[in-house]
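We call the chains A, B and C, going by the order they appear; numbering starts again at 1 in every chain.
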Amino acid sequence: MQIRMVGLGVRLAILVTFAVFFIGPVVWLILAPTKSDRALIENSPFSFGDFHHISLAWKHLDAFSSHIFRRWIGNTLFYAFSATGITLVAGVPAGYGLAIGNFPGRKVILSLTLVVMIVPAAALVLPIFLELNSMHLIGSSLSVILPFSFFPFGVYLAYLYYASALPPSLLDAARVDGCGELQTFLRVALPLAKPILALVFFFSFVADWNNFFLPYVVLADSNQYPITVGLWDLLSATPSFNPAVGGGGQSVKIFKPELALATLIAVVPVAIVFLFSQRALVRGLVGGAVKE
Amino acid sequence: MKMHRRAFTLVALVAAAAAALVSASTSTASRNAGATGSITVWVDAVRLPVAKLYVKTHPKVHVNIVTFDGDGNGATTMQTKIQLWNRTGHGWPDVIFSEQANDPVWMGQKPFDYALDLKTVFPKNLLKGWPAPSIAQCTVNGHLVCLQDNLAQEVLYVNQKLMKQFGYSVPTTWQQWAAIGDKVAKDHPGYIIGNIGDSYGAWLYLWADQCPISQVVAPNTVRINAGDVHCTRMASLLDPLIKSGVVPPESVFTADFATKWGGDNDKILMMPGPVWYAKDIFGGTLHVPAGELTAAMPLRWNSEPVVTGQVGGGPWIVSKHSKDIPAAIDFVKYATTSLAVKSKVNALSPGYPSYGPAASVWLTSLNKDPYFAAPEGPAFKAAANLIWKGWSMVTYPDQPVWSNTVVTQLVAGKTLSSLLPAFGDGLAQTAQAAGYKVVRK
Amino acid sequence: MTSSVLTSEHARATRKRGPRALRGLPFVLPYLPLLIVFGIAPTIYALDLAFTNVGGGWVGFHNFVRTYHDFRFVSAFKHVLVYTAVWLAALMVFVVGLALLLHGRANKVSSTFRFLFYMPGALAGSAAVLVWLFMLDPSVSPGSFLLHHVLGADIFAQSIAPGNLPYIFAMIAFWTGAGGWIVVMYGALNTIPHDLEEAARIDGAGPIAIALRLKLPLIRKWIAYMVILSFATGTQLFVEPQIVQTASFGLVPDTWSANQLAYQMAFRYADFNGAAAIAVDLLLIGLVGAVLIVTRSGLFRTDD
């Protein structure tokens, strides 16, 4: 019994140490908008300023470039939800098909999916840009949404899930009952897919939310930027990060607290999606549905 | 694919020729008829108020304003965008403001080939208002590829209150400045007379002493001679000061700098720096108390004539693909010379205007600012014409080379003199990678 | 009578099942256009760029030789190989370890920790600049004690001294990336049927034995997936050095990693052919790693 307690204690200690490592900087970030730019440097990192500074920081942030911050958040929500929708509809069934199927070319598709994940983005940017241009999509939201909806990582997750968590006996049970392939999928694979749908939704949403490189290259108009590119613009307007605006940047009124607030606001949707997907992730075991 | 491209190029050339003919005949007309037209301008956050004011005061002109990151600090935003626009054959903005002083150099050459030669289209009487070093900086292979919006000449900032307190007189030579540094290290440790940790440290100390490490001597040929006496003598002057801590290898933009020497500590005795430090850096970033600072003339080497360096000074560039060059020129004219923009020190014109007549008015406004102990205007104005012309803008940024070959090692304790050869080598490699022929003598 | 009923039922079932050889293919079809347009075609174009010059003419391995002789090439690849070694070690040990530690009872506690571990990953790359500029500056960082004693740093420039960089970047990458993988591993652990665990416990196995001898082998495929991807993303490091390069105003070069060099080739020098060559180098490294891991772990097998 004592060994159990010690074991539990050690386990907790390790978890708490890592939690401090992961969350410490985030706590700093949360407290940053409560302080003035000067207090951020001079006071203790975990000190709390006051609520007045938060509203001041928001005022400056919102005033930046005619409320463009709100637009950036809106854009990102639109891109992420649209692309993730397409990813779920195209990618999860694809993972299922690759896991249960045996058609010629299955291994090729799997390999190509993996290979494409490994190709460096710098090499793909120009071809994708030229493709989008030839489809006359440059300048439209589709130039961002369509590339985003190609999410091989999600397809692979779905493949792994169905390959290891869905015993063939379950599928055979359905087929013996007389179901065609589509019915089998809808009746057996899909209801059991809640965890993998949640997982793919969540990773796809976050990947889309955090994607910087593609929108940075294909979007010319700052009004269409997602929040990642927008934050980069904000960073460039902050004197502490961009000596080139050191003189004159003061009137733009974006300093470290405003930047911290912008960062935090940008994290909120992801945090919500995470919490939402977590519950579905934990549920869902296959055991018990198979007749011995 | 190639045939398609060739055909497209042919069509584009014909279209461009036709457009040139048409615009040549209508440009006089539009100038006289009052500003109309349609342009797209790319500005950074600091220049946005100017663009907005132009829109307000020119209701007949349709201006599409796009804000971007300004391409500062060695970024490659504009290279990326222009390349992609070049490949698709459309999308170029008519006017761009860049925070990188050397952007126009590659914009004016192949393969980017974006910049319009302003010599022929910008009103000549206005061009005379720019100081000669500024025009020289914007001239690439004989073409005037940009116009500086503001100057960034280097002066010597002095904390008058502290100088009086310690009984020092304002130095006029580097030698006197160094001598004060030695005294400060002994009598008032903790105070500083400058810093060398910023990415543009080379501009502050080497450019100001005519060190030839960025000197275009022929088309596509640059002289990088870090062993020149002008470089080595400055390094020898600085080494004891860096060692004793009065010229630390830290950047004014770090939190550490503000904590150690700004704010309540108020330990900045003197600092060579560009005109844009003024209130924004000392007051805003470093929180130095009001009523203490002023600016003095840039330092000279013993009895040699005064020259100084420059730290930036953003240019406006006009596109040669622009379909409405008169409107684009009108915009740049307004942004750089109009007193509606340039008369006061405020959000519209935070920096020292390059256009001389506007600068005079701006200086009057600056001299009234109670933040300073004494007017900075006279030093600013004098320094504007003293920028050493032997430092050319090149297609590659040199700040990263300074930062990662020199500053990282200064921090580790090495001397600047010992790092000059490596700095020269780093610059030479960067220049060669950018396609330059390098002369090392 | 019975045999004919059986055979007709069997026949009906077979007919409904459809041709066995193409089973699964219809589900994959909507994904294929995306794979081709945004995956395969651009990859082929990039490969083409690597072996041609600006005019489109074939130049064989010239781009590869040329970029190899760039003065930044060797150090860029050296940097990423050291970084990847540190990064993979940290991932394999800590991610799997933490996931195993979390997978037990006390679900609410576990989910709280998972949330805490995951949160940094939600910070977009450019947002992390602000955070790490402060975390790495000994004068304002909450971790200044560690910076001083582990890195010997009193000022920011010392924290990011060249020798420290692989470890700094691995730490930042771990901070942002570990949480996501912990979630995946945790989900993987959840696919292990409860009865297996119960059986082992009844047999007298302690928690460590269960973790290492039962759970670990069963999530082998997921670990392999993580290692393949992390090996590739490790060698393709871009965001962390780019972030620190910005935050340090150039103290860290913008070509520290091989991927950054490829990016600079493409966009600063308009040398897409050179960039493609470096990208192919990185791709080959990633592929070699992937092939080794796939064959070793049987990632593509679906029979177990």
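In the analysis below, contacts are C-beta pairs under 8 Å (C-beta built on N, C-alpha and C of every residue); 3 or more make two chains touch, one makes a residue touch a chain.
From a predicted model like this one, the values you see are computed outputs, not experimental measurements.
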{"item": "Graph class of chain-chain contacts, one of line, ring, star, complete, other", "value": "complete"}
{"item": "Chain whose average C-alpha position is farthest from chain A's own", "value": "B"}
{"item": "Distance from the mean Cα position of chain C to that of chain A, given in whole angstrom", "value": "14"}
{"item": "Separation of chain A from chain B, taking each centre as the mean of its C-alpha atoms, in whole Å", "value": "39"}
{"item": "For chain C, residues contacting two or more additional chains", "value": "133-134, 139-140, 246, 249, 263"}
{"item": "Junction residues of chain A - those touching two or more other chains", "value": "40-41, 126, 130, 232, 235, 241, 243"}
{"item": "Junction residues of chain B - those touching two or more other chains", "value": "73, 80, 198-199, 251, 253, 255, 259"}
{"item": "Chain B residues touching chain C - in the complex, by the definition given at the top", "value": "1-2, 73-74, 76, 79-80, 83, 111-112, 197-199, 249-251, 253-256, 259-260, 396, 399-400, 402-404, 407-408, 411-412, 429, 433-435"}
{"item": "Chain A to chain B touching residues, read off their complex", "value": "38, 40-42, 64-65, 68, 126, 129-130, 133, 138, 217, 220-222, 232-233, 235-237, 239-252, 254"}
{"item": "Complex contacts: residues of chain B adjacent to chain A", "value": "44-46, 48-49, 66-70, 72-73, 75, 80-81, 84, 87-88, 91, 99-100, 152, 198-200, 251, 253, 255, 258-259, 263, 274-281, 284-285, 287, 312, 314, 346-347, 350-351"}
{"item": "Residue ranges of chain C in contact with chain A within the complex", "value": "12-13, 16-18, 20-28, 30-32, 34-35, 37-43, 45-46, 49, 94, 98, 101-102, 107, 111, 113-127, 129-135, 139-143, 175, 178-180, 183-184, 186-188, 190-191, 193-195, 207, 221-222, 225, 228-229, 232, 236, 238-239, 246-247, 249, 259, 262-263, 266, 272, 275-276, 278-280, 282-283, 286-287, 290, 294, 300, 302"}
{"item": "Footprint of chain C on chain A - complex, ascending", "value": "7, 11, 14-15, 18-19, 21-26, 28-29, 40-41, 45-46, 86, 89-91, 93-94, 96-104, 106-107, 109-110, 112-128, 130-131, 146-147, 149-150, 152-153, 155-157, 160-161, 163-165, 175-176, 178-182, 185, 195, 199, 202-203, 206, 209-210, 212, 227-229, 231-232, 235, 241, 243, 256, 259-260, 262-263, 266-267, 270-271, 274-275, 278, 281-282, 284-287"}
